[in-house]
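The same chain A turns up in both complexes below, where it pairs with chain B and then with chain C.
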Partner chain A sequence: MPTQPPLPPLLTPYVSSLPPSSLTLLSSVLGATGNWLVLRFLHAALSQPSTSDGALGFSDSNNGKKRKVVLVSFLRGWEFWRAEAKRLGLDLARLTDKRQFAFIDGLSELFAAPPTPSPSHTSPTHGAVPPRTVLPLRSQPGPVPARGPQPARPVATPPNPPVSREIGPVKRLHLSGNGTSALDGLERDITAVINDLRTSTTPGDEQGETEVLLIIDQPDLLLAATGPGRGIGATEMGDWVMGLQQHIHATLLTLSADSPLIHNASAFAHQPTTPLETEHAAFAIGSAHRAHMVMQLRNLETGAARDVSGVLRVSKGGAWGQSSVDDHWEEKEVLYFVQRDGGVSVFGRGE
Partner chain B sequence: MSFRKRNIGLSTGVDRTAAVNGTSQPAPVSAAPESVPGVRPSPDDGRPTTSTGTPSLDNLLAGHGGLPIGKLLLVEENGTTDFAGALLRYYAAEGVVQDQKVHVVGMPEQWGRSLPGLLGPADAVDDKQDKRKGERMKIAWRYERLGEFGAGIAGSRAPVAAGDQSQAAADPSVDKRPAFCHAFDLTKRLTHPSITNLNYIPLTPSNEPLLTSTLKRLQAAIASCPPSTVHRVVIPSLLNPAIYPPETSQPDNLLPFLHSLRALMTTSGARITTMITIPLSLFPRSAGLVRWMEILSDGVIELCPFPHSSDALGSSGAATSQEEPPQGMLKVHRLPVLHERGGGSDQNVGQDWAFTLSRRKFEIKPFSLPPAEGDKEGQEAAASGGMPKKAELEF
Partner chain C sequence: MAPTNISHRQTHNLLLISKLLSLRDTASPLTLVLDSLEQPATPLIKEYIRRAKLSKAHVTLIAFETLKPLEGVDAFVAARRKTPLEILKAVGAAYQNVPSNGPSRRRLIFIDAVNPLLHSKKNDPHFHLSTFLSTFLIPSSPSAPKVDVSLVVNFHQDVPNPPAQSPYAPSPLSMLTYLATTIIKLHSFSHILAQKAARDRSLAAPVFGLEEEQDGVLLGRLDKPSGNESAEGIVLELEHRRKSGRGVLEWYFLPPASRYPPQYVKEIVTLLDDHPLYRPPQEPDAGAGEDEPESTFELRLTDRQRRDREGVVLPYFDAQQGDGPGEGGRILYDMGEEDDFDEEEDEI
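And then the complex of A and B:
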């Protein structure tokens, strides 16, 4: 059992309530990955307030709204997230069955040769992709009936739950085509899952507003692995994220911010820059400007320590203060330590 | 504040219970031996691991005692030496000996014929050396097996009892349990019945991008095996221009390949481990592409061999005359599983490591600078020439 509460008290104001239509950026480096923090966001959004969290006093931030989470992961599979969430006491498979959570797998078949059914229901319908300005049109419930038979509805059909424990409810993304049309295909798939999750209600639920949090885990892989050769650059990626943001309550974006990926793009770098580096830097910095909060994870500058995993710095992003909701958090830099049992302790320097 | 102190005490209490778990774990393992040779549960969290063929590298991997199944280890090497290639050969040879399916990408069959010869289980070879070591004076014996299987979890409390238990558990199990890791001799050639099972995936140009067709061939080879097979994918010197055409180092070729490889390895039911080496002199770590390769890998270690000119430093770097001098530094940038979770709590992280490649083994041990031996000369020179004598200072 973890000695720490699943959500360290110092972190609570940062992860528990995200302002509406906000973008939160979580940047990580090679030796300080952000999966543990993503799991804390998941926990804050999905855990039942009736448990010990209610005593911590942030159940009021829910104020009756139902929270749902869509997790799009480009680097890790369902098995990883399920196992790690279980260590926090979150049963993602059960939450999926309860239609509170949906996982979108961007790892398994992203670059695989598309099977026959996939292009048939994506590309022909939107063969001529309209300009990006008309994107809101897609949020109309058009795609939802089309997807009706496809997603598993575990409440209706008894034989489905054992299947869904494996890969049943997991939507797998395919990248096909070039440029914005490829990204549009991904966006369509993700939006369909979001709408599906939003409209679905389990019996016994009271009506109420549904807040959907979208977590996009390392979409920078898309950018790095396609590059200008396939017509996907920082601008297209930024538009893609913005297009997704229109459908949801809040967005959490995780990116890599290793120094070769950020600083090589500068004109003062000592070596020639590759398009990979310039595009990555542009995407990361552009996202930071559009975010209301930026959480940076990095290694300890003074070398590794046995009881410190890294440094977490929370700062205001470029879009801070644009929402009318008063932000009840302050900029802070703290140390964190991920224990072997999965528990995390967060503390200030010298504490 | 005082509560905080007590909390720290409590957390070590949890460590102690973990130690109890750790010492009690070998018992069920030996009671119900793994059906698959060469795979054992990690002492840390029980996930299946397999050996890299190098015992000290196994011990480096975040307390799992081996490379967890489904993980990808990237070995980077500076300079023109081929220490990483030796690690890779041990890894492939271990797979051959354990009857696992080894897939070699981009290398001719000659590579497989030069795998190092088998000496026997690594424990047995170690034991012989232990006897020799036993004659020597021991200082701080309880640190001797630091970082090895189980030792990392056993706390500093009651080390005697823990040691006794693990020895008692280990001694009868040596003969019963199949060896997890073997020792190899680099000067001999491996002759094992299953060496013909090596699967070579040559890089033959086709109308598809090279890495795409390579991956497809790998997928087909893995799919054609029975599902219980344990696979090892060996990719020596990835991106090396002597083997790979220049367009493979384009991000839109290489990164989808690694991503798909990662996807292939994490599919449920598959039992695949991969080891890749890349030459850092051609593709420096400060490049974005290499950083992305590292992000896509589960474990990243970097070998920095000492240049020849520092042989003098190397020879004095050995603590005793019996130890061999280190041949280079080893840096750990990322460890499987540990860093995926957030990282940092391993005792091996942040250490300075040195490696020594001898005929029989690749050994990784903590690096320590020797006492400065050449200083005496410097002092004499300073005394005779540099510093003015007292008499000269008189006015």
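And then the complex of A and C:
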């Protein structure tokens, strides 16, 4: 199969321009993960319009506005995202240095005590901490090999400076306390990074206003790991996301929508449910109600196929049509295929 | 149904929905809107706001999940991280400095989603939904000028409810349906059409979205599932409780906002039964009676034959007259002139 453009043309209208103060929900299931789509959002926001977008005729979608991205990941570490983005031609480390991108690690030390009293944004280097940043990727169905614990490959990481690369540009979140105060702490940390990113300008780029896109990757981990016992439920998580939304241009939220997490507690099922099922379903469905656009990834209904990784359905969320800004995009259902090299092809059924 | 009945229902129920949506005569102090991911309440709320603007009512939006105020909202109260008491205060304050000209003052208060309020972990056990809602409706002080307040509460049906604190307490939804004077349940028109098509063929009605219980599917709605552009719009299933206690049930159709100008004053809602896609107009089957099998034989009767046939009194009619035993069942036969009397007939 020929090499795919980093941004499949069918996807471009959906990932390239998110309306202001909108929430986009990306739901995935175990067999169809959404990392590739998150990377497409990153690429659409961060890549230079001169290279690939210009050729496709989307160079004017930026409107001269500077786009920046803050990625908060609760399930994967810096190395994973850096290596995966590299395969798309995005150098996140360089972009971080250019103050266009900031990564916030919500996984490594979320439940560890804050290491040192210094509240600097780039957390201090302490190389002794083993990088628990990489979760093994779920494998795609079919013979596509798991994109795997790639980050450990020497291709991605130069041999000797892993410590500085590992720790360098990463802000790590710490959860302390209970209930809303704990979430407020996280919100403060994330907001500080956002404001830091927004105000900092690289020389020569002062013109134009800055649009910051916030990507919150799988905050359901936070909900699952704390839960009602610590005073954090669906409402609190929703409020937390809303609080973050106030500071930024647009938000992308990724959540799991596997059947047990959604349907066991659904209003249509009649069986006793666990608090986790209830809260997760309430958070996911409530987020879909607040979302402008919902992108749902799922497996093929007919089983695994050699040349199809899954189905992507783009639907209008509950908040669609609230703003007077007319955005004309159509709901769509397409198939996608994640190739061995990380390239993705997106096509309609039967194409 | 008799045609007079239908036209009566049309005028009556259309008047009712128009009164309800335009907040006339405080027909319904507490309206409960039940929406789902398959049909969000946004179009209906926009329609409410449009009508409120036409009648110059004051619109307040209590936003539990809306970030930016909708167009046409006069006061926007963000309810994030607020206790119910703080919300009440903010809503009261939003109406303080409104110029009080005009004889009738109306106020429309929306709650964009009541679920977060019900789910919140920090609510104290003394929080009662009924008290909270009724505080909006009851004027704060008796001396305050009277304002007609209508409260429209949106509830997401598909968001699962947390377990009740007390096993004996009613669920929030049953509480809300008990309190509400009007309940509007929203359906997507294309889904209603698909379900009706299945019912008409005696098939099980299809389900959509979360109800499909398919892995990874939150929303099943697609814009134009069959390329049918005219299937846009939403269906309102209305239950209105009159003051007398009598309930009115009706299904309405609200066309999409792009079909009419925002200043349009006439009623745009129609009965669902009157929608041409839901109930296609009957083919006028005049001439269906004329169709008789054609053949070379003359199967029809002449006029005279028909008249004679209608004139025949069948024996059982005669028997019912009861002229005495044995008399009633006699076969009466008048000889026609063309009849050939057979003398031997009775003797066989």
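The rule is simple: the second predicted complex is superposed on the first by the 293 of 351 C-alpha atoms of A that agree within 3 Å, B and C clash if a C-alpha of one lies under 4 Å from a C-alpha of the other, contacts with A are read in each partner's own complex, and residues count from 1 in each chain.
Basically, a contact is a pair of C-beta atoms (placed from the backbone, for glycine too) under 8 Å apart; a residue touches a chain by one contact, two chains touch by 3 or more.
Note that the structure is a prediction, hence the values are computed from the model and not measured.
Colleague: With the two structures overlaid on chain A, would chain B and chain C clash, or do they fit side by side?
Modeller: Once chain A is superposed (C-alpha atoms), there is room for both chain B and chain C without a clash.
Colleague: According to the stated criteria, A:350 is in contact with first (chain B), second (chain C), both, or neither; which is it?
Modeller: neither
Colleague: Taking the superposition on A as described, I'd like to know which of chain B and chain C A:341 touches: first, second, both or neither.
Modeller: So A:341 only meets chain B here.
Colleague: With the two complexes superposed on chain A, say which partner A:108 touches: chain B (first), chain C (second), both, or neither.
Modeller: first
Colleague: I'd like to know which partner A:32 touches here: chain B for first, chain C for second, both or neither.
Modeller: Touch status of A:32: both partners.
Colleague: Just chain B (first), just chain C (second), both, or neither: which does A:239 touch?
Modeller: After superposing on A, A:239 lies in contact with chain C but is clear of chain B.
Colleague: Applying the touch criterion given at the start, work out whether A:258 contacts chain B, chain C, both or neither, answering first, second, both or neither.
Modeller: both
Colleague: With both complexes superposed on chain A, which partner does A:318 reach: first (chain B), second (chain C), both or neither?
Modeller: second
Colleague: Quick one: minimum Cα-Cα distance, chain B versus chain C, in the superposed arrangement, integer Å.
Modeller: 12
Colleague: Looking at chain A, which of its residues have contacts with both chain B and chain C?
Modeller: 32, 258-259, 277
Colleague: Over in the complex, which chain C residues touch chain A? Could you list them?
Modeller: 35, 37, 40, 42-43, 46, 65-68, 70-71, 80-81, 113, 115-117, 119-122, 156-163, 210-211, 213-224
Colleague: Residue numbers of chain A touching chain B in their complex, please.
Modeller: It comes out as residues 3, 30-33, 35-37, 75-77, 79-80, 84, 107-112, 166-167, 221, 224-227, 229-230, 256, 258-261, 264, 271, 274, 276-277, 280, 303-310, 336-342, 344, 351.
Colleague: Which positions of chain B touch chain A when the two form their complex?
Modeller: Per the touch definition, chain B meets chain A at residues 4, 7, 10-11, 14, 18, 44, 250-252, 255-256, 259-260, 262-263, 266-268, 284-292, 294-296, 300, 333-334, 339-345, 347, 349-350.
Colleague: List the residues on chain A that touch chain C in their complex, please.
Modeller: Those in contact with chain C are residues 21, 23, 25, 27-29, 32, 179-180, 228, 231-236, 238-239, 242-243, 245-246, 257-259, 262-263, 265-269, 273, 275, 277-279, 281-282, 284-286, 288-290, 294, 296-299, 301, 313, 315-324, 330-333.
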